[in-house]
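You will see chain A twice below: alongside chain B first, and alongside chain C after that.
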Partner chain A sequence: MLFAPLARAGQFVATFTPLKRLVCFAAVLGLLAMLFMTVKLTGNMNYVLPRRGWMLATMLLVGIAAGVATVLFQTISNNRILTPAVMGFEALFVLIQTSVIFFMGADSSFYSSPLIRFVCESLIMTGFAVLLYRWLFAANTDLHRLLLVGLVFGILFTSLSNLMQRMLMPTEFDVLQGRLFARLTLPHPQLIMISALVVLVVCIIVWRMRYAFDVLALGRDAATGLGLNYRKTVTRILLLIAVLVSVSTALIGPLTFLGFMAAILAYQLAGSYQHRFVLPAAAILGVCFLAGGQLILEHVLSMAGALTVVIEFIGGSLFLLLLLKRGRL
Partner chain B sequence: MIEVSQLNKFYGNKQVIKDVSFTLSAGGITSIIGPNGAGKSTLLSLISRLLPADSGSVRVDGMNVATTPGPQLAKRLSVLRQENHFVSRLTVKDLVSFGRYPYSQGRLTVEDHEKVNAAMAFLDLQVLQHRFLDQLSGGQRQRAFVAMVLCQETDYVLLDEPLNNLDMQHSVAMMKQIRRAADELQRTVVLVIHDINFAAAYSDRILAMKNGQLIFDGSPQTIMTPQVLEQVFNLPVQIEQINGQPVAVYYR
Partner chain C sequence: MRFLAFLLALVLVSLLTVSSLVVGSNSIGIMQLLADPAAWDLLILSRIPRTVALLLCGMAMSVCGLIMQMLTQNRYVEPATAGAVQSAGLGILIITILWPAAPVLARMGFASFFSLLGTGLFLLILQRLSLRATLIVPLVGIMLGAVISAVTVFIAVRFDLLQSLAAWTSGDFSGVMKGRYELLWLVGALTLLTYFVADRFAVAGMGREFAVNLGLNYRRVMLLGMSIVAIVSGVVVVVIGALPFLGLIVPNIVSLILGDNVRRNIPWIALLGGGIVVACDLTGRLLVHPFEIPAGSILGVIGAVVFLFVILREQIYVRS
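Let's turn to the complex of A and B:
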């Protein structure tokens, strides 16, 4: 019943060209952004408005990064289920957070500065990805083995984090929990601006390669036959994905399901297989999910919970609905 | 001209291509035949640089396929593999348009659109052009794939089992269309094919492989003899001449 209006809207949108659809998505996003900025606006405007503005900016960056990274990852791995999280990023993020609290304590003055924390996390995570991919690609292995190694890394990192978490003091564990669950209240304006610059640069590179992604989606053999340098292109894309995932994860924490939902919905709704439509659609939908989730969290659930929970609940339901309705991904 | 010299390929410890050398001059249809596991598809993949060779070289019009930049080679040589499963949901026209990628990098010009339409017309796909590939029959889908590689406008077209999963009627239609591509469009076609009678009826030259080696090389008339085919397939084969056409009979 909840999805009936959605389905009707879907049928209406079905008659639109891909470009018109993008305009629709952008309109939805604009509406959500306006709601987010204006609903229940009370208190000191000089404090509330900039605060909401920075939160919106964070959502914009994280949504774009998650959507684009997931679509690109699914394009190079030729499937629509795996996400960068499979490569062990999220687990590494948790491990970094846990190790810091474990080794330096919850109130370490060095690490409590958000800027330093952000730079450290981004560097460690991007560095990890570069090392892993360099090493794996030098060994001339295929993508499936890469994914398998990523999975094993994920399990290793999770186990290490679990071990350390069990040995933490309850108060420190509480601080850790707060950092691990996505909250849009934390980022510092400086961090948001640095991230914005990084995301912008990555997006420009991605946009210039947009037609190559369509060819890459045909698979290794067909792409090679059409003259694409498969290994070089895939390595470059993996690095771009690593940067995007690092930035978004370091900014607000792990949001496993966000990119997945944005990508799946973008394939269904973009009205084209071409990445020049799918990528912007996934980016916009990613932001919509974040803004929508935060609105629900703040005004329906009165902040009782975490954004992750809201997004994964909506995302999970949507995923099951699509799966049941279409019988395939 | 395709020059293959002393080509070797290993999968682990197993040598799947053993010292294969031959030269194909431009024009006509060449079929590669042989039993399962003879290395036919591997050879095709090596020639089309989908797989790297362990030693030896493949030259297409003098260009070494291992070192020539991909985009340059994609204008001279196109390849269609046996299995084609795409994640993207494509229409026939989308698929055929990919054939222009080496020339336009995705931004199709008016000329590209004309060539896409011409390729679809050549394979009678115009009425199907807006259908999705998953809405087509096996024969129609195979035609769409062939249209894509023809649209690539390469002198050399390599096809791995183009008759795979096609019934008699569609197999004949496909072979006739490939023959027309060779004759009317002056393409040099190399096929991997299982049905030796089809190979004999449509090819100008047949290469027979066994255990990774090239064991016979000649015109259909010289390959279609009981001695040669028995040695290739380990099976007693009779050859009948029907309407001047050698036909192998080996079914019982």
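Let's turn to the complex of A and C:
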């Protein structure tokens, strides 16, 4: 149902070149953004407009980060179904939030400054990813094991956070709940600007490596044969993914299946498997999902806060269907 | 020798059990039992049911893990990594929405039914997988569990039941009292049944072709195993909540030490499983005394660490 109009649009642009398709996606995004900014515009403009603007900026960053990170992850894992979110990132995010309150209390100065908190969270998360991958890749681990270890680490972090949350005072727990849920509606300008800078830098690096990804997608042996330093490139990409995922998780919290949907659709609609087309397509589509979903939820279904849950729901079902249809991971 | 070891383990678990009887926000001593009738009440109404529940749940979930591992021919599968536990949670949520005043038996039946559906879905996906590498099976199972959980959370948010959901699904024994745990005896009986049909599961664990060749009614054994797992998961989730990884770590530890004789391992698995759950619950009671931490939370941490160790150990083993 949801994908019917998108599929029709896909048929319509089937005759287009990849570049034209990208322009189409950008046009759709522009339209959505305009709608998002203007629909039911009432009340104090000086309050509503900046607020919506910051929300849109958050969506832009999160969508780009999720789309790009997922496509890159799928390229290095040679797999179109898995996403970086399964590697325990979001659970780590919750764990960091919980441990800060657990060890430092709800009113520590570290906690009250969102900027310091954001930087620390991102650093810890990226550091964790690098350590984990270094450790696992040094042992020449196969991908299945790596993923399973990531998943189990995720479960471990969740259990640890649960354990700590059980030992928190009720007031501290309230503060934590506020931190962990639906921050899309409560964006923080300072955070968004920093994230924008980080995402921009990462995107520039990614763009400069775009042909290396195409080579990498041929598989380990072919890539090595063509003169690519496989391990070094993969490590670097994992680092980039880690940064992107930690930025997006730190901005709006856990979102497992957004990148998955964006990447799947990007491969379907981009009209090319070259990364210079797929990557921007996935980024734009990721933002479209967020903006379009928020529009529908807020103005049609009046469930403004439920965007993340709905994305998980739709993305999760899509994931299962695809798994059943393809018959392999 | 093996018998002696088993006896020793039995004594250890009994010691744990006795400590579980006396430890709590009110500790009970022998002197008090003789003098104070209130202490007797506490013992009979709360402590004994709780300890029995701990032992029964631990035994049943561990043996369930073993059954699932036999049926899927994979050492990394257990009810929680196959969607069974998460499906049971979904079942409880749905019956709570449709029929808020449902009696425990109906809730249990519904949870077991959903758990059966979840396990069936998992096995269906496994059948469709063209490449059944050892590590893909738990990956798919955990993913399936995550998707089912996402659906559950979505529905819970829609109906404002998120908090209740968290309370149902955490493995918490503090609510166990006389009159609220008796269903668990059913689980105990199923565990006993497993012991008597263990050989069939062992044969089924050698693969479909081999099992059929040996004259086993493969389909019936699969169905029996799935039903046992579904009923046990359903009952345990309704009464206690999830006990993550228990069914995974216990059979693996036992077969690391004792080998793969299924029937001979079952008493060990049951004993170790019961012991671990009692130990986790005791830790939870002592850690923030006089408050409590659910045994499931502690088990989640320990279980994940042991699971990681098992996955990574094999790799080291392969390399050396």
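Throughout what follows, the second predicted complex is superposed on the first by the 265 of 329 C-alpha atoms of A that agree within 3 Å, B and C clash if a C-alpha of one lies under 4 Å from a C-alpha of the other, contacts with A are read in each partner's own complex, and residues count from 1 in each chain.
Simple rule for what comes next: a contact is a pair of C-beta atoms (placed from the backbone, for glycine too) under 8 Å apart; a residue touches a chain by one contact, two chains touch by 3 or more.
Since the structure is predicted, the reported quantities are computational estimates derived from the model, not experimental observations.
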{"item": "First (chain B), second (chain C), both or neither touched by A:Met169", "value": "neither"}
{"item": "First (chain B), second (chain C), both or neither touched by A:Leu19", "value": "neither"}
{"item": "First (chain B), second (chain C), both or neither touched by A:Arg145", "value": "second"}
{"item": "Which of chain B and chain C A:Ile116 touches, first, second, both or neither", "value": "neither"}
{"item": "Touching partner for A:Tyr273 - first (chain B), second (chain C), both, neither", "value": "first"}
{"item": "Touched chain A residues, chain B compared with chain C", "value": "C"}
{"item": "Contacts of A:Gly316 with chain B and chain C, given as first, second, both or neither", "value": "second"}
{"item": "Residue ranges of chain C in contact with chain A within the complex", "value": "76, 124-125, 128-131, 133, 135-136, 138-140, 142-144, 146-147, 150-151, 153-154, 157-158, 170, 244-245, 287-288, 293-294, 297-298, 300-301, 303-305, 307-308, 311-312, 315-316, 319"}
{"item": "Chain C partner contacts - residues on chain A that touch it in the complex", "value": "86, 139-142, 144-145, 147-149, 151-153, 155-156, 158-160, 162-163, 166-167, 256-257, 306, 309-310, 312-313, 316-317, 319-320, 323-324, 327-329"}
{"item": "Interface residues, chain B side, partner chain A - complex", "value": "45, 48-50, 69-75, 78-81, 84-90, 94, 98-99, 101-102, 105-107, 149, 152"}
{"item": "Residue numbers on chain A that touch chain B, as the complex places them", "value": "74-75, 78-80, 210-212, 214-215, 217-222, 224-229, 273"}
